[in-house]
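For reference, the structure is listed below as structure tokens.
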Amino acid sequence: MAGIYIYSEEQPVTEQLLTAGKTLANSLNEKINVIDFSEQDSESFIKKGADHVLCLKSDHPWPESYAQIIADILKEKDPTVVLIGGTLRGKTTASIIAAKLQTGLVNNAFAIEGSGSVIETKRIMYSGIAVCTEELCHGSIVTIEPRTFDAAQDSDHQGDTENIDIQPEAKTITVGNVCPIVHQDNDIATAEKLVCVGRGLSDQNDMKLAEELAEKLHAQICCTRSVAEDYHWLTTDKYVGLSGAKVKPNLYISMGVSGQVQHVAGMRDSKVIVAVDTNENAPIFAAADYGIVGDLHEIIPLLTKELG
Amino acid sequence: MSDEEKFDAIIIGAGPAGCACAYILAREGKNVLVIERGDCPGSKNVTGGRLYTYALELVEPGLYKDAALERQVVREQIMMLSEKQGITIDYYNENLEENTSIPQSFTVLRAKFDQWFADKAEEQGAMIASGIRVDDLLMENDKIVGVKAGEDEMYADIVIAADGVNSLMGQKAGLKEEWNGHEVGVGIKEIIELPQDVINNRFAVGQGEGAARMILGQTGGIQGGGFIYTNKTSVSVGMVVSPAELAKQDKSVADIYQDFKMHPAIQKLISDGTTAEYSAHLVPENGWNSVPKKLYRDGFLMVGDAAGFCINTGTIIRGIDLAIVSGVAAAKAILKESEQPGIQYMKNLEELSLVPTMKLFAGWPQITSIPRMVQKYPDMINETMDFMFKVDGKVPPKMTGALKNIMKSHVSLFELISDGWRGFRAI
Amino acid sequence: MKIIVCYKWVPDEQDIKIAADLKVDMSMAKWKISEYDKNAIEEAALQAENNAAEVTCLTFGTSKAKQSLKDALSRGPEKAYWVNDAKAENTDGFVTANILAAAIKKVGIPDLIFFGEGSEDSYGQQVGPRVAALLDIPALTFVTKTAVKDDAITTTRSIGNCTEDVTASFPAVVCMLPEINKPRIPSLKQVLKASKKPVEEIKLADLGLSDAELTVKNKVKSIQGFVMNRKNKLYQDGSSAEKVKALVSDLAKEGLA
């Protein structure tokens, strides 16, 4: 047996993985199988390109506890490759499955390509300064972060569904106090325009400059890690970077951001990047399309006014 | 006071002086602690440099054989630059010690060399604590009895300041004042990476062989000079200029250094290289004249750059070897178990020829401080060369007249005689 | 309570150079304990101070990783285990997890095993949960807070769009996010104490792993510098107001102003 297997505990992410999966299925001439938890979703996944859906029937609320069961299923199916949504839960689940199956795992792949029977992935290393290209072993698992691909479109694709009753075991675990993080504004990860503040701001009053610019642009405000973690001017869900949010807005304006590799790794998929900073040698300018070397206290108000 | 908190010796700084001292003390069974400010030995030291092997032989015969060395220096070069021209005096000598065939000197990269030396000292039993800043000295009845780092106090029979040119410990001990402008140079050092065979070709050296080049001229008319050392796969390029003179004009040292690197004769040596490291820092420049009046007090010795042990003769710069020798002198003084290790230390410095050598070269800094040395003479010699090699199809001027004119246009006879006299007096 | 904290010895990415041909040059790189792992070591040290936990650390590295042991021990652990093998030069999450899990079994499975969220160099984010799976114990990942009570640990996980409190009875693997704590800068006395703490070197051959378990799964074809394709237009002429005008006009051309 073979085939491409796709799983995410989040339905929109599965739809994105279907886009990657379909391209891969074409070049490898393989079928697409999706693992999910809801019959309703199953129907929609088939329309979006799944050939076969394995629908797990269980009411256990902790997604990570399905890892053993998914591993058991995959062991029996002997897949060519497994794509798992690279949410944080997804990466943990993928790691456990990979260990159970004694197979390889590429976390955070930003590209996957198949040719003949060879599958190659790309992911970043050394905080973003390098790209690692790997040739996958048979049955390797790959996680792909949300929004790396657009959701697959509906079509008249046909497929079938298989229901599997399962009983996940997680007896040593109890989960409680689940709190969705309420984003004060919208989620920066999906914002169209972003204004990013860095340590170049002299004090919290300077946030006003960013707010005024953001208001003019209808943009969200985000920040670097130290602004969130050391200064606490914004909450930690607002920091952009390798271990923070990955953003890809159409416009990204940074003010007082030096542009450390870890930060750039979180924003370099933005369509247009503008940088304002006093230090002309700041690495942010290498990552920017347009740059002004200057004092943000002078430049940003001018920019806000000019955009009027 | 528990055992853990009392050492025979605490050495501050894991550079060549500190490591040499620690190596010998530990080998002889002393309980030694070396405290290094950088995350690891050598990490605060991006510079390349030159090691004269005799110094390492004083620590342990044969130790140099597995040291982290770059290239054996076989070409000593002096280069004099005018605006677009340059003359190089190239002296080839494999420089092997007569009886032992030990090479006279090697280029080194301090980051690697210091780490190696610290590892060696550690093998001998010294304890190396990196990433720790010593904040103060502990005193009891006018005797220095230990150090303070953060909240921690650590005691020792003797504290050795090997903490480099700014020696905060020397200042805390009241032996050293902050440097005067005329005693230090502002140094810029850069490591430029080049493939091994490119270096071999450009400097005409074989595998494992290297060149050391001192450069006069093109320091923006400011007292000072440049240098190039060849490492295995990089060259150390740098310049040292007088901060006092620098302050008098608008150009920054970085700009002067850039112009220096862009000189056609220099540029060809380093082109296509990539800068691996770049730093600016202070260098002791004034030889014996800026060595503190006293290098010890009860429970305290100063070694290496902290003690101002550096010689710049204009043709060679010595620092690492003097640092090691002073570390050896300090260790031997401590091992004598005399009542006054400070006096013994000074005696050892005499016996190991360090102090006499420093004194011999005491007048040299004035030589390079003659403004003509850094501009007029290099210009003059290049113009002379130009005259000697110029063929443009015209009738050349008469030799004697032309040479006299060249000289006159640059320096007066009086200046020439007085410079000659100063040079003569200096040695 | 016993804790083993695992860490990796990595090159400092600030010293990594990308050559013109995009080759990654690490020859000038200083090595250090991965920053994320310092958070894990700190959390273990806090457990030692506050809950009298017995903390040891474990690393899999080449002979060069020896340099890391003193640094690790100065951060709190009382003993270091070091699986010393050149294989660490060419490893992946699969092999590393197999080795760490086998080493942990060999020295005795503790109550808690701590990891950072990923390593600073390859950031594979998998070794912690893989080890948990191999030992058949729970993995609590992306943790921002820990609390130990009786024979269980309660953690707060921060996972994208929500936080949750997960409690697991011992033994368990816990992987920390950097915001969990600020790693200490070891003091002189801590550094001195570290050089007296025991280090046990473990030979790979003594772990009883098969060739298959020690063979990397996915084949690395290349590691190359990331190419930034940006316009890099700097406005240098004129007053600040003129620069801003020029910028806005360019943004307008992109349909963004």
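Chains: A, B and C, in written order; residue numbering restarts at 1 for each.
One rule holds in what follows: a contact is a pair of C-beta atoms (placed from the backbone, for glycine too) under 8 Å apart; a residue touches a chain by one contact, two chains touch by 3 or more.
Here the structure is a predicted model, which is why all the values come from computation and not from measurement.
Chain-to-chain contact here is organised linearly: an open path runs through the chains from one end to the other. Counting C-beta pairs in contact across B-C and across A-C shows that the higher total falls to A-C. Centre-to-centre, using mean CA coordinates, chain A is 53 Å away from chain B. The mean-CA centres of chain B and chain C are about 40 angstrom from one another, to the nearest whole unit.
Centre-to-centre separation between chain A and chain C, using Cα means, comes to 20 Å.
Touching chain C in their complex are the following residues of chain B: 4-5, 33, 35, 39-40, 43, 127, 129-132, 149-152, 154, 233, 274, 276-277.
Contact residues of chain C toward chain A in the complex are 11, 13, 16, 18, 24, 36, 92-94, 97, 117-118, 120-134, 137-139, 141-142, 158-169, 172, 177-179, 212-213, 216-226, 228, 230-236, 240-241, 243-245, 247-248, 250-251, 254, 256-257. Contact residues on chain A toward chain C in their complex (touch as defined above): 62, 64, 67, 87-89, 91-92, 94-100, 102-108, 120-121, 124-137, 140, 170, 172-181, 193, 229, 236, 242-243, 250-251, 261, 268, 272-274, 280, 285-294, 298-299, 302-303, 306-307. On chain C, the positions that touch chain B within their shared complex are 17, 19, 27-28, 30, 32, 67, 71, 185-189, 191-193, 195-196.
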